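Once you scroll down, you'll see the structures, which are given as structure tokens.
First subunit A sits with subunit B, and in the next complex the same chain sits with subunit C.
What follows is the complex of A and B.
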């Protein structure tokens, strides 16, 4: 769930048509506390350059919320990071099925996973346990093997 | 040196407390030397080079922008080798032309310092093949440290391939309890205040079933199973205490940090010959919280080791 980021200069809300419900409580809080904000509902296929222009003109202390389908959230996160936002300057929440990549600790092969705790690596056949160790360079989580 | 003296030269990892917790136990390094040669030098150098040629993707990583810092690492290490072990290594500098001689391997390398085209390998990769230490290069930016280059052949169950490019806290995320009391933050702040000319060092320890140096995460399937093979009969010779001597040097020109890791191993039966070590290690292992034992991979055979230590204590 989203949590309200206190003491920010400005809040940005970025959502697709699916995700805007999740942001209403935060918007209400921003109104109550008189914090400036911008709210944009974007189309799934919205132009990245427009989003980028929106992000790059923001000043330090701006905080970003992203809500929407998994693909939407990933895409907007990517644009935000390129524009200079860090992981500490944003929160995001995906609606519906999540698709993550899991890197096999043995063969480095990438596997698509959703919410499983264990999978069999499609490249080398090892059983892998999902972890929350994440590499942004590989855009993937680490899959460990366990001793049976 | 008789065998007891030899064991006493082993880097004993514990302080005077009979309790072990994660902490920033770094102290100033004196003498300020990044590398140390042991009697296993040639064996370990050959093993390193074999791993590097067979598994480059897991043993070496470098971001292109680290090249200048890599030359700083090469500069520091080659000078330390030549100064501390003058009978084994020579370094001749004629303006920018350097000639490095390793008398132990019988190699001589001539290159122009700073000119990438005159060295067959990256500077970090080159120099790492002449020392037993693993070499990690952390670069500082945006108030954080990042693992931007490394040559790692003897990791204690982690993956350079996976951790490459990560920040300090991202790398240490899997260590349970490392975030409590902001330990991760305090260590990061400590590291970022490191100054050139004032290196620090610390020791880290674990137990392992078997005596492999190359305990990479990639080969866990091969060596992890050994944890189930520890028995009352084989524990003394099969289980090893593994100590990493870790040293930290600030590189003055590009503000990077060189982190050297020298892994030492000793079978338990030799380690406990020195009774004070046996007594303290037995107390520490007995008290060790399960979350640390789990992370260090000891849990499966901790009871067997404890029984063994207690039996040995009774004999003294």
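What follows is the complex of A and C.
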């Protein structure tokens, strides 16, 4: 769930047609607290350069919320990071199925997972537990050996 | 392999940068190269005084030839001993004992743009940081406040080496201009800011950045001295493992008392900035004076930095 980022000078809301419902409470709070914000509903295949132009002109103290399908969130996150946003300047929430990568701690092979907590590594057969240890370099989570 | 934590260096040259700031260039005794260091690093110098050895940390840089280390020392008024020693008791050719370089003030490697805010002698860590960034073609700018042009160390060097990137603010003389924390409002997303100068300036810039919504992640600072001590009072500590009681007098730190009683607590900066001397607290109230722990860690009342923070009454320590 999203949480309201207090003390920011400006909020950006970026959503696709699926995700905008999730932002209403935050928008209401921004209105109540008189915090300036921009709300953009983008098309699934929106032009990345336009989004980039929007992000790069932002100043420090701006906070970004991204809501939408997993692919949309992933794509907008990528543009935001390139523009200078870090994980400390944004929150995102994906609607519907997600697809994450899990790196096997034994063979380092990458596996695609959705919401499972356990999988069998498709490369070496090791049973793996999903961790919350995320590598931004690999864009993947670390899969630990399952201890039974 | 065990490596000695200190080594001796020779003072190769002394340059008077301003009326109160001297630059000391240090070289290895055998002519070899001194250890390499990253931007923002410092060394601790061990200065023999009649009252005992003083430990003082100085940011290091190198504006001359490779393999040398340089520090700049401003004669403090009043001096607590370190700057007086460098200015009045050190000559070219003298040998000084120093630590290996350490870095408690590193550059962010996620920043899109770095902005340095320096006041007075606070310029020194930025000399090495700007050199690193320039070498890697990374984006940066400097805002540097001094009393006057004459008292602004390295001004010509900075203007010549980093043209267009350095902004100066002089509080005395004609065209007075104050370095204002409002500049922080103008930085683009992805900027990391670095502050170095007197405690008051750092506090002002830190709180301004937070009030504009900067994440703590993007704010970096280095204190030269520990925060100005509030009225310190003695307190007692009890060591959990041995049940031993120790008194910490008003004028001593808990770190000193622990080490004197034979407990080898590691330490480094001694100004509450690095976290090396952290000890776990089992019971008791703490007055935190450090700039290292997060607000959440402070509130937990489970940990403290023994070099600077103080207890109230009796504190039970997990040692």
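Please note the rule applied: the second predicted complex is superposed on the first by the 146 of 148 C-alpha atoms of A that agree within 3 Å, B and C clash if a C-alpha of one lies under 4 Å from a C-alpha of the other, contacts with A are read in each partner's own complex, and residues count from 1 in each chain.
Keep in mind that, in the parts below, a residue touches a chain if its C-beta (ideal position, glycine included) is under 8 Å from a C-beta of that chain, and two chains touch if they have at least 3 such contacts.
Bear in mind the structure is a predicted one, so any value in this text is a computation, not a measurement.
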Partner chain in contact with A:135 - subunit B first, subunit C second, else both or neither: first
Which of subunit B and subunit C A:95 touches, first, second, both or neither: neither
First, second, both or neither for A:27, with subunit B first and subunit C second: neither
First, second, both or neither for A:8, with subunit B first and subunit C second: second
Contacts of A:41 with subunit B and subunit C, given as first, second, both or neither: neither
Which superposed partner A:56 touches (first subunit B, second subunit C, both, neither): second
Intersection of subunit A interface sets (partners subunit B, subunit C): 86
Footprint of subunit B on subunit A - complex, ascending: 86, 103, 105-108, 126, 131-138, 142, 144-145, 147
For the subunit C and subunit A complex, residues of the former touching the latter: 110, 112-113, 184-191, 209-218
Touching residues on subunit A, where the partner in the complex is subunit C: 7-10, 55-63, 83-86, 88-89
Touching residues (chain side subunit B, partner subunit A) in the complex: 57-58, 142, 159, 161-166, 170, 173-174, 217-221, 224-225, 227-228, 300
